[in-house]
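Quick heads-up: structures coming right below.
Two complexes follow with chain A in common, the first pairing it with chain B and the second with chain C.
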Partner chain A sequence: MKIKFNIRRFNPDDSKLNEPYFQAYDVEVTEGMTVLEALLKINEEQDPTLAFRKSCRSAICGSCAMKVNGFSKLTCSLQVIPEYKKKGRMVIEPLANHKQVKDLVVDLNPFWKKIEKVTPYLTPMDKEHEERSVSEEDEKTIDQSQRCIMCGCCNSECNALEIDSKFIAPAALAKAWRFVGDVREGDKKKRLERLSEEHGMWDCVRCIHCTQYCPKDVAPLKQIEMLRSSAMKAGILDNPGAKHVEAMADSVRRVGRLDEAAMTFKTLGFLRSIGMIPFGLKMELHGKMPLPILFPKIEKIEEVKKIYEEAAKQGTEQEKKKEE
Partner chain B sequence: MRAAIEAARAGLNVAVVTKIYPVRSHSVAAQGGINAALKETDSWEAHMFDTIKGSDYLGDQDAIEALCKEAPSDIMELERMGAIFSRDAHGHIAQRPFGGAGYPRTCYLADRTGHSLLHVMFEQLMKHGIYVYDEWHVVKLVAEDNISKGVIAIELSTGKLHRLHSKATIIATGGYGRVYKTTTNALSSTGDGMALALNAGVDLMDMEFVQFHPTVLPRTGILMTEGARGEGGFLLNSKGERFMEKYAPKVKELASRDVVSRAEQTEIEEGRGVNGCVLLDLRHLGAKKINERLSQIKDLAINFSGVNPIEEPVPVKPGAHYSMGGIATDNDGGTKVTGLFAAGEAACVSVHGANRLGGNSLLETIVFGRRAGLKAAQFCKDAKLYPFPDRFLKDASQEVAVIYERENGESIFKIRNEMNDAMEAHCGIFRDRDRLTKGYDKIKELKERFKKVSLTDKNDNYNNELLHIFEVGQMLDISEAILVGAINRQESRGSHYRRDFPKRDDENWLKHTLIYKDGEEFKIRYRDVRVTKFKPEERKY
Partner chain C sequence: MADKLRYAYYPGCASQEITKEANVTTRLVARKLGIELHDMPKASCCGAGLLTDYDYQLYIAINARIFAEAEQMGMDIMTICSTCLMVMRTANYNLKTSPELLAKTNEILATVGLHYRGTVEVKQLLWVLAGEYGLNNLKKKVVKPLDWMKIAPFYGCHSLRPSNALGFDDPEMPQSLDKVIEALGAQPVDYSGKTKCCGFQVDLVAVETAEVMTATRLLDGKKHGANCFVTPCPFCHINLDNYQNLAEKQVEKKIEMPVFHLSQLVGLALGLTPQDIGLSRHLVSPSRILR
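Right, the complex of A and B next:
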């Protein structure tokens, strides 16, 4: 079956082609052929100049992540025919949120720098040279996070990274949990403190894209949530992220709904809240500003209180069980 | 990376040069595990015996002793570095049975052991602040008067050639699976370091010994771990028989890889195959075990062959997997050239002899990587830094310029495909003089044609076609070395099976093949195997 591949190309060294453009290739595709195999076939039979990364071709090295029909995928484990039948097209582009360097190759240096930022190695609790006993459950806690192959799909799909290039981003955060969640790790608190800083784990907007597009089921958002709750349990609360969570919980407990204006003050403090005034005025213009003073309790606030009490009870019970 | 870490720990200024990113290296795909005698009821001597027997007595026994003796402490060291292993009910590192081993001594993390260990190595690289030249491909090892002076590498993002000046160089570039058409190896497993070393005046040892893994997916060559059989999987022929009962009545599917691959090939050639394959049946293990211990295998079988192993047997066949041969080194990675070291699959110490046991390759990279790093560090403390001979850089840039200037030559892909076909047809599991000679003639012809290949892509940045020309040139040298070794070894031992010489011949052939280059000619000599504890005996499973 012949399928048209539309590939977004770019070569900064070529004066004629130094703006990104699309090039179409007709590829004879056989049953079972993967997108990566089709790209290799283009290289061999039509155009050796098409640049892309590849290595293991079995979904474990992480080289060949690209955008296929708008979404980040490992091209080596994606079959052409089913994808084409579903989408009716075959558009290949480089990963998003990274600079296109040539054709389907992107600049991964920022990606590795972010990984380096989370001190990505174990700092053992005790220095003696003997095996630490690790229970099956302990291993399970970090197993998912350590499946990461560093392909970059999650960072490519990350909405927070799109607006803030300094954001640590899901790949590094999943890596961070791999150590914070490790029973053998000695520096958990220090790690959590650093992750609570600006551009850190609290900047995630929880859009779930990272988890949705991860080809290895690492579920970065789940790891981020575990980092956040570990940080709060460890008493690392003096930052806008943790304060926001507390303000939210407090608001619901008090009035049964979100008192957004009050939350802004609690999250950012007085001085930084002043900086939010222009944003507030804009909201007001669009009729979206909540009334700060008149914020009535909901009718069945007692029910909400019960939920809180029940949650607190269950939480303590779980902690007790874990200690046993 | 293990070598770099050890050298950095010893206080050396170390850099890693790699044509792909460190976590992309093909160790990442090692699935099954890493061997070590950890339990009191096991012993390093037993591990040593299994390895020697597996090697069909071609392994050097002092090297194997080091491998097996040092394995337990190296595993503990990995654990300290942060490696995650699957655990038993007591929280200790779990171990599973593997082919050719008399004891369940393979440590693992599900079916992702290589991935776990490679990422730990990368973490330690960052911990020690080791500089990595990402996406730099080495085009030349610079050795003058038998002394290593560094390397010349091309920066793939710009196409610029650089000299990297050093007291010592350690080659750890892995295997050459891509010489063959059906291979479990990555697209980047092109044996670069072996060919570079050969051309720098170093010997390649035992190149005729190519391991064919018994369970790979047809067409793609993707690996189904030996752990699948370790966990209890069966191999069936078209009649539904567990045919391994015939070939290895005692251990059946868990005989060593050469034995199982030959059995499969025989079944297929005698008409008891299923579309050129045999069947790997895991159904009786049940969904729970498959999902927990072999989840990657399940995904690979579904994504690449459209078969769910929980419901159906998976068609598999033998495919080129591992190079027992490589750069001849001593037990500390040292080569004939002063200051040039090698470790891992690129090297041949030799611990695998004529056939490697599953779970021993990751172990070799760790034990001998560490040893080579340490030795290189000791060497550098006393060695002097010789001036870099700039004529090498001039020659290299001249060679690259010539490739760019050539017009209307043949396509490199065509030459590569013909090489793949020739090696598959003439230098596979079953060999004889006639086939091998045909293969040799074909490679010689391709080498001539290779001199006239030209580029379609004349760009400098990320020129994958140029990179592939380097790779194919290297693989042609490797192919020739494999064939020369195979033609001359007139016996059958381990993975090297000659139909015209079907018996092992210890009297004449208990020795290593050494291949070196004299001008353009490949010359051959032999070295005796070092036998210490275990005298050669017949090998039966």
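Right, the complex of A and C next:
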């Protein structure tokens, strides 16, 4: 079966073509052939100048991540024929949110810088804790975050990174949980404080692209959620992200619903809320200003309050068990 | 349709306040289509993802309490909010796939005399229209085809991902909203932003990111020829409509793009008036594209 591959190319050394362009290649594909194998075939039979990264061909090294028909994939574990049959096309582009260096190769330096930022190694505890054994249960909490092969698919899909290049982004955040969640780590609180800064973990927009497109099921969003609740439990609350969550938890406990006016006020604080007044008035013209007082409660709100108490009790019991 | 469709109706917090028009319109549309919506007076907020950051077990238990109410009513839940959909379906998926979690959660529910067996499904209006109700049945009800409209379908994140818990549409090539637009006689516009994020979750946390993101999505649809947007999610609507003006200022570009709730678009095609569906509540007036 012959399939047309449309590949987004770029060569910075070619003065005539200093802009990315698409080039089409007709490739004879066979049952079971992967996208990476097809690219290698193009390399061998049609165009030795086509540049792309690859190494293990077994979804272990993480080198061959690219965008296939708009979404980031490991090309070594994606078969051509099913993908083509589903989408009716075969468009290959470099990872997004990174600078294209040549053809399908991107500059991963910013990716590594972000990983370095979260100090990707254990900080020892003080002398009293010279040895700390790790139980199977302990390992389970960080197991998923350890599956990362640094392919960059999550950062390529991350919508917050698309807009804010300073955002720490999912790969580094999943890596951060690997150490924050480790029972041997000595500097948990300091790590969580750093992660709570601007462009840090609270800037995640919860678009769930990272979890959807991670080829190794690292589920970065889940790791981000665990970082966030750990930070809040550690009392790191003086930032808009944590305040927002606290306001939400408080609103649900009080009235069972999201009290938008109270949440805005608590998240932004007094001064920034005053800045919102002109906008609030404009909303009010259209009847869109949420009720700031006497928010109606749901029926049986006492059940919700009791559930809050019981969940907290379960949490404390678990912590106790862990310490024992 | 063999039986009449009946749902435990969960409009979500946003549509009980800021986006009331979506709630009002959904009730009118359901009546016209013959879908029964039953109120859930005890149902709390699902936590909108934020409760997940606060305490995982609490998030699961609060949602299980909502499911228990629907289970007692003997109905599946229909929401009109994609974030409620994602949050509730993820909780439900986790409860249904982990007997241990279900048992722990029922311990908590037992203290308020409740129990969840795990028999409820959570859907949203979009899925009901494109699924159980059916596009052909919807087409038959159209009295005013919207044939002059070129509409950018904005699926948003939470009706698509994570696909293991959601599963109705393919997250890479969703069809449902496009098909509903076609069934109403209008033309869907294809653009890459249709599966991306509106920025709502960081509206108060990373303001610039949220505003630039909103503008980027709207400009993307506009560039591809859309004369309006439609979204199944009230939070997407808040960003795309309420905050459009702030987004315009942030990127220093005029956008002026009317944005409809899914229910409003269906309502228009079924013959409801702009007053019925609360269009005066929008900050970007859709009047210029109405006929």
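In this text, the second predicted complex is superposed on the first by the 260 of 324 C-alpha atoms of A that agree within 3 Å, B and C clash if a C-alpha of one lies under 4 Å from a C-alpha of the other, contacts with A are read in each partner's own complex, and residues count from 1 in each chain.
FYI, a residue touches a chain if its C-beta (ideal position, glycine included) is under 8 Å from a C-beta of that chain, and two chains touch if they have at least 3 such contacts.
Please read all numbers here as calculations on a predicted model, not as lab measurements.
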Practice task
Mind working out whether A:43 is in touch with chain B, chain C, both or neither, as first, second, both or neither?
Solution key: first
Exercise for the section: Classify the contacts of A:251 with the two partner chains as first (chain B alone), second (chain C alone), both, or neither. Expected result: second
Exercise for the section: Go through the superposed model and pick first if A:14 touches only chain B, second if only chain C, both, or neither. Expected result: first
Exercise for the section: Would you check which partner chain A:77 touches, where first means chain B only, second means chain C only, and both and neither mean what they say? Expected result: first
Handout entry: Which superposed partner A:303 touches (first chain B, second chain C, both, neither)
Key = second
Practice task
In the overlay, answer first, second, both or neither for which of chain B and chain C A:191 touches.
Solution key: neither
Handout entry: Common interface positions of chain A, toward chain B and toward chain C
Key = none
Practice task
Provide the residue numbers of chain A that touch chain B in the complex, in ascending order.
Solution key: 11-14, 32, 34, 40, 43-44, 47-49, 51-63, 77, 79, 101-103, 105, 108, 112, 115-116, 120-122, 124, 129-136, 138-139, 142-143, 146-147, 149-150, 179, 182, 184
Fill in the blank from the handout: Given the complex, residues on chain A that touch chain C span 69-71, 86-87, 159-160, 162-164, 167, 198-199, 202-209, 211-212, 225-226, 228-229, 232, 240-241, 244-246, 248-249, 251-252, 256-258, 260, 263-264, 267-268, 279, 282-283, 286-288, 290-291, 298-304, 306-308, 310-312, 314-315
Problem - chain A-touching residues of chain C, taken from the complex the two chains share - result: 13-14, 16-18, 20, 41-45, 47-58, 61-62, 65, 86, 104, 107-109, 111-112, 114, 157-158, 161-163, 171-173, 192, 196-197, 199-202, 204-206, 208-210, 212-213, 216, 242, 245-246, 280-283
Problem - Contact set on chain B toward chain A in their complex - result: 20-21, 23-26, 28-29, 76-77, 79-82, 84, 86-87, 89-93, 112, 115-116, 119, 123-124, 126-127, 157, 186-188, 219-220, 222-223, 296, 299-300, 303-306, 411, 413, 455-457, 459-465
